[in-house]
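The first chain written gets the first letter, and so on, giving A, B, C and D; residue counts start at 1 in each chain.
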Amino acid sequence: MNITLAQAEAAISAAKKKAIKLKTKMNICVVDAGSNLIAFAHMDGGWIGSVDISMKKAKTAAWFLMDTAALSPLVQPGEALFNIEHSNGGLITFPGGVVIKDEAGEVIGAIGVSGSTVDNDHAVAIAGMEAIK
Amino acid sequence: MNITLAQAEAAISAAKKKAIKLKTKMNICVVDAGSNLIAFAHMDGGWIGSVDISMKKAKTAAWFLMDTAALSPLVQPGEALFNIEHSNGGLITFPGGVVIKDEAGEVIGAIGVSGSTVDNDHAVAIAGMEAIK
Amino acid sequence: MNITLAQAEAAISAAKKKAIKLKTKMNICVVDAGSNLIAFAHMDGGWIGSVDISMKKAKTAAWFLMDTAALSPLVQPGEALFNIEHSNGGLITFPGGVVIKDEAGEVIGAIGVSGSTVDNDHAVAIAGMEAIK
Amino acid sequence: MNITLAQAEAAISAAKKKAIKLKTKMNICVVDAGSNLIAFAHMDGGWIGSVDISMKKAKTAAWFLMDTAALSPLVQPGEALFNIEHSNGGLITFPGGVVIKDEAGEVIGAIGVSGSTVDNDHAVAIAGMEAIK
């Protein structure tokens, strides 16, 4: 099962609300389980360099079935996955990419957020993910 | 002046309505005047190969300040711009990319649509563009 | 021998004058004999999609020691170099790329121009090339 | 508002003067607010590997609305943005990219300099930025 456009739009809408609450200007991207782009929004005045980062966060989460925050410790120098970012045309492995699951726990997509601190990015991604029932 | 997210979302909403009317499943992309991604929607069941095509159509229109339909005759074998598609990381030069202007006639962005015949793609892009006042 | 920055700037200055005379807004790129970027100018309001095209025209001319106009007939369907544009990260093989030679006839660089018709592009490139003694 | 070619050329001219004063041979790149190339100069004998670095510094500054020097501490191992360089086709996050603002404080472009120590690169970029009124 893959995420629908209606679900992706609900996630983006919730993420935007959270972003406004945090006084941030975010790029928000939702991909399906196959890492294909389903929906995207760039909030006015947000960093344009974060368009690509939000996409790569969402794709990275979908590709490895885990939040990008879970990858961050594993990619440090000396760790097992050091420099994994060189694969797949470029990964982003810091927080802000969050997997989206259905009721059975199956990954149906992922949301990636970029445009502020990684803590804010992650919080906005979580808000988007939680909008999907 | 650049297109706002609210304008881009209005364009996508109108484009989706037109796509449904034509019984098609489209990928719809809106970029700003600098060709940066502002909003995107992939309709359920649409071709995933058209995600990238819709983006490249929108970017091509923004980069050259003209609808992609205007480029199509110029890029044929023997014509002046043959194989221009190899620039800018890949152009798409068949119909479905349409420029978006403000009231003063200035280009503020572009919409790219892909997922059906090029006639349908172009019609859906026009419907999206016309939603912006 | 390679083109100097002073020579490249003289070429761009002359090319800009010609572009203004033709009422066009050009992107003008000068590379050295090794196809490395030496100088560049984007005239206000010019197509941003032509930034990359002007670079690829200059590089294509430098890589093959001939004007891009000389390549155009050879890259047509059925001809010897059909689809050569897939090499080198993307070639542009229509007019507007012109080699620059020293007094001994040695290629010292190339100029690429994009932003109008290919005839205008080529004329502006020639004007730039002729500024170099 | 975007930087004009005249402004970009003034920045490059001032940057070249500073580079000569520091006895360095620099690559100097100016981009607009959308990260599109406006002007470029490669000083005779400069590193050709720095052509691309100067461009990526300018684009990185424009994409994130901050000097690249501000990014350097954030991208170290263990820090929040470790390996962000894998986005956007390659970022450069050490000093030498500087944002250019108008009188209202709005970012209108950025300048990127590469060819010497990062301290010299940064100093030359600042000199270029300060030439724009």
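Throughout what follows, a residue touches a chain if its C-beta (ideal position, glycine included) is under 8 Å from a C-beta of that chain, and two chains touch if they have at least 3 such contacts.
These numbers come from a predicted model, not from an experiment.
J.: Mind checking subunit A against subunit B and telling me if their interface is mostly the same residue numbers on each side, over half, or mostly different?
T.: Copies use mostly the same positions to touch.
J.: I need the rotation angle between the copies subunit A and subunit D from a CA superposition, between 0 and 180°, in steps of 5.
T.: In short, 95 degrees.
J.: Based only on mean CA positions, could you tell me how far subunit A sits from subunit D in angstrom?
T.: Comparing mean C-alpha positions, subunit D is 29 Å from subunit A.
J.: I'd like the Å distance between the centres of subunit B and subunit D, where a centre is the mean of that chain's Cα atoms.
T.: 32
J.: Mind checking the centre-to-centre distance between subunit A and subunit C? Centres are C-alpha means, answer in whole Å.
T.: Distance between chain centres: 42 Å.
J.: Could you tell me the distance, in whole angstrom, between the mean C-alpha positions of subunit A and subunit B?
T.: Comparing mean C-alpha positions, subunit B is 25 Å from subunit A.
J.: What are the residue numbers in subunit D that touch two or more other chains?
T.: Correct list: 34-36.
J.: Quick check of your reading of the touch definition: is the inter-chain graph here a line, ring, star, complete or other?
T.: other
J.: Mind giving me all the chain pairs that touch?
T.: A-B, A-D, B-C, B-D, C-D
J.: How about subunit B: which of its residues touch subunit A in the complex?
T.: Interface residues on subunit B, with respect to subunit A: 4-5, 9, 34, 36-44, 48, 51.
J.: Which part of subunit B faces subunit D closely enough to touch in the complex?
T.: Per the stated touch rule, the residues are 32-36.
J.: Hey, which residues of subunit C end up touching subunit B in the complex?
T.: Residue positions touching the partner: 47-50, 52-53, 56, 72, 75-77, 83, 85-86, 90-95, 117-118.
J.: Provide the residue numbers of subunit D that touch subunit A in the complex, in ascending order.
T.: 34-35, 60, 62-65, 77-78, 80-84, 86-89, 91
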